[in-house]
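The structures considered in this document are given below.
Common to both upcoming complexes is subunit A, partnered first by subunit B, then by subunit C.
== the complex of A and B ==
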């Protein structure tokens, strides 16, 4: 009886929640189409793509300086790529190790998980202090890179652990004992089973590293990554070009997400049809 | 098919070890060695680039601070100065206050949503779609989501304009932006996903027949919620609490961009001290932060074993 009333109330609550979640970014997207004379607030003077042109350096010079996104974007992408490769490798290896029981599994599990738990500002400070102490220069491809892996490796590890927990080791053993070579077993049995996990781990590692800010702040040295150059604009007055950038980077994230979704869908569809084929024969 | 004419490829390797021990024991030894080798790079990485730097923070907090540098002469001067300064002590207070408020806010905002998605949405596809909708903002830039609150909450922001158009207020509310309020709203929006996710996961896992049985036995929804749903969702609440806590306690960017320098969290102290090359003070603030976070996580982990919930 109460349930009948509770259901629409909770539904409305969830709708409001989604509005709360998406409201600011929608407002931001609308304001990114502000005209040159308009400020970073309502009302919209005139709809235009001026700030997008400004962002890409296509607009004539103005009193607002251009966001320094070009080089920092390349750095962020390279850094995210390096981080993805290393953390997915480490994550897969560690998760594979956790399939056998061994002493000290608990502490090692928590040691790895700690990487995603410990605040970025703390490890960032620590790595900066350590680099100063050892007289090593700080740079995005060295000190920031090792910290990004510290952060994303636990995510990759957890994803791979969930995958390995789900699949039965005897499948591999069956393949091996039927005389299939280890390489072919990996290609035909192990890899198809862990592929969704690898893909998810890659998505996590790449997007987390691409967007990582607090771990980079103290460790990047002179050359800034993308989040750092955005943060630099916060202390001064903001203009709609930051909003335009926000829209573009959100679109970029969604593209990655869509590619992930498509790959995942294609993969699951293919493996399903293959299993169906096997049943028929 | 099942005859033994084909030896498994592993057998010749095993044969070396089987003289003294059984094949099973030899295999166990081999498996353990393999696990050890597989784990070594990851564990080394974490020791060198996470634990060692954290140890360095503790070490440097006892160094001597001069105007522009730190010297490795051990002293407790930075600690004394930190603990006797009203600014730093109030930063600890602010950090704890903001943490508690945001934690409660994410729980109040998140729990009903998790309850709806996990319990009331029966269609699996719709359930996944709603969860994905909650998680998607997590994939957009953190800094952009923070800055998006400025045109929302400012005196000429969307909320003030709407409230004035509706005639609820005549003058724009100025406490909305550049205040503790805006920091709390911003953090709640950014981190509530980490509360919704784990709780939904736990609620969706509840066996439907348990609830049906309770209903058949005449339990009201209140009783079902109190006796079944709430206790079974508690591990999710704890996991969410751990996530939100560590992220809020280590925060500084939201406060830096939404508070107009009015809210100083421990994270902001660290950033400003590093900015003025006061590494020892930054390290002291870092150690204080570490202690607070360790206590919070330890308390939460006493309630739930994280490894079992994964």
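== the complex of A and C ==
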């Protein structure tokens, strides 16, 4: 094909692809501005922010009950936070262990990876049965939490493994030869250098845990997490307040990403900016 | 004094160091010359404690070092790639050891600043403390690495090919500086290198590492002019080795028969070594009186600036090198493919007993 033609064709393809990716979110965002009388579909009766007010409990009482998301949102955030802390700590430690070849490294590697390979429905069901068998109560902060760690730990581990792969061991040796203990070397040299990787692993773990569904479904017990409670309202009847909520959570995700980006940028550009600042004087 | 006694290090079936003995006296610049893969870096890593020997002892002033964790050994290490802490500034790099070390840590910020500044002065970087380590040149990074090590006042400093990452000009300058810095501090430097010129320039004493053992330890001049074994001679990259067997007091070498200066029993395998710059070249009929010679074919020449290297091939394919000095040429005009007599004074030849 002629190169002149190829360019616009590729551009069109890319545009379509982006539309395919973001189309659902865009539709959802548009529909969230439906008026009180309109349903969860086109056409838009009248533009309004009614469903946002309804979601936040600011609207006058209506026959549509308020979305029961408040508590489940808090639960999901707490669970995601707990999962992130544990998974990233474990992931960093085990990736550190894999820097030296040890006996059984191969099988252990695959055992860790298994956690993200096995279908969530299966492990979810398995843990639920096991909990029943052992007579342990199921709850989002116990059984679900364990499964979330099993699920996100391999991701954190793989991210940290890649980071350590490119890590120059001689800087740690330099620190040791300066008389600095291994623990302090980790704190003062290794950790600052791998921090961008830790940040990425945290983002991964948090996002995966925050919208985890299948594993949580079987193990959360009576108190629901956010994805479960959204699904619960969905299965009864849909009003645009779900869309409004979707838009708000998407914005929240973007905020998280922005914080991640800023931290990353600040971290990687630190030495540069210091130098540039000094050059001017 | 640092002593290594019978140090052996194996990597699977590969013997990196084989019962090596070496001592580094106090207040000395010792350079260790070894080909790549000769185990010279391994040797430094064993002394620093990054690895442990499989057998043997490492002693510093009579105290056992092997088995002791690296951070308690009090030994400085300068890496080939400098291994600077990229997340810290130059001054923070230098202050790192003072601030965080296990033994003899400085708590007083003013004292740390003073010592750091002093170390930066020592390497001529007093105005660079605030810079990031990514924003200074290779030579400056080398100095930061050196200052960072020296500021903690180690008992001995190990340098692993410290000039390897620098360009030639800078290397020559750093050579002088390393030497003068060491002389001011009176601490021993053990400098590992694969370059014979670097080893000879830097070292008060030069040790040659070959096949996992120390082949020879000597001052530069003695080592260069009187290598004690073929391994040392080969590492100096300045000696032609002619292997052969002695019969009836004459060396039967691949290039023909050559007289030898000393009594050697028949059927002894020997190698005759003649330095590149001790060989003259002339037509086979014009060999000056009192010189031994053999014949070889001129292959090609290599012009290196102040010196020129000529390559000859003996009838059995052995390559012989002859050095000529531009300011004081000894060689006649040479034609490629033509046979010449390579002659040398019997005094210039060194005889090594034992097979090649």
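In the analysis below, the second predicted complex is superposed on the first by the 255 of 281 C-alpha atoms of A that agree within 3 Å, B and C clash if a C-alpha of one lies under 4 Å from a C-alpha of the other, contacts with A are read in each partner's own complex, and residues count from 1 in each chain.
As a working rule, contacts are C-beta pairs under 8 Å (C-beta built on N, C-alpha and C of every residue); 3 or more make two chains touch, one makes a residue touch a chain.
Just so it is clear, the structure is predicted and the values come from calculations on it, not from any experiment.
Contacts of A:74 after superposition: neither subunit B nor subunit C is touched.
In the superposed pair of complexes, A:122 makes contact with subunit B only, with no contact to subunit C. In the superposition on chain A, A:171 contacts subunit C only, with no contact to subunit B.
Among subunit B and subunit C, the chain that touches a larger number of residues in subunit A is B. By the touch criterion defined above, A:182 reaches both subunit B and subunit C. Of the two partner chains placed by the overlay, only subunit C lies in contact with A:192; subunit B stays clear of it.
In the superposition on chain A, contact of A:262 is made with neither subunit B nor subunit C. Subunit A residues in contact with subunit B (one complex) as well as with subunit C (other complex) are 176-179, 181-182.
Partner subunit B is touched in their complex by these residues of subunit A: 2-3, 6-7, 10-11, 13-14, 17-18, 20-25, 27-28, 31, 40-42, 90-91, 93-94, 96-100, 102, 106, 108-115, 117-123, 125-130, 132-133, 146-147, 149-150, 153, 157-158, 161-162, 176-179, 181-182, 207, 211, 213-214, 217-218, 227, 230-231, 234, 238, 242-243, 245-246, 249-250, 253-254, 256-257. Residue ranges of subunit C in contact with subunit A, taken from their complex: 48-50, 69-77, 79, 81, 83-87, 89, 96-97, 100-104, 130-135, 145, 148-149, 152, 154.
Subunit A makes touch with subunit C in their complex at residues 168, 170-171, 173-182, 184-185, 188-189, 192-193, 270-272, 274-275, 278.
Residue ranges of subunit B in contact with subunit A, taken from their complex: 6, 8-10, 31-32, 34-36, 38-39, 41-43, 45-57, 60, 109, 112-113, 115-117, 120, 130, 133-134, 136-137, 139-145, 147-152, 154, 156-158, 161, 189, 192-193, 220-222, 242, 246-247, 249-253, 256-257, 267, 270-271, 274, 279, 282-283, 286, 289-290, 293, 297, 306-307, 310.
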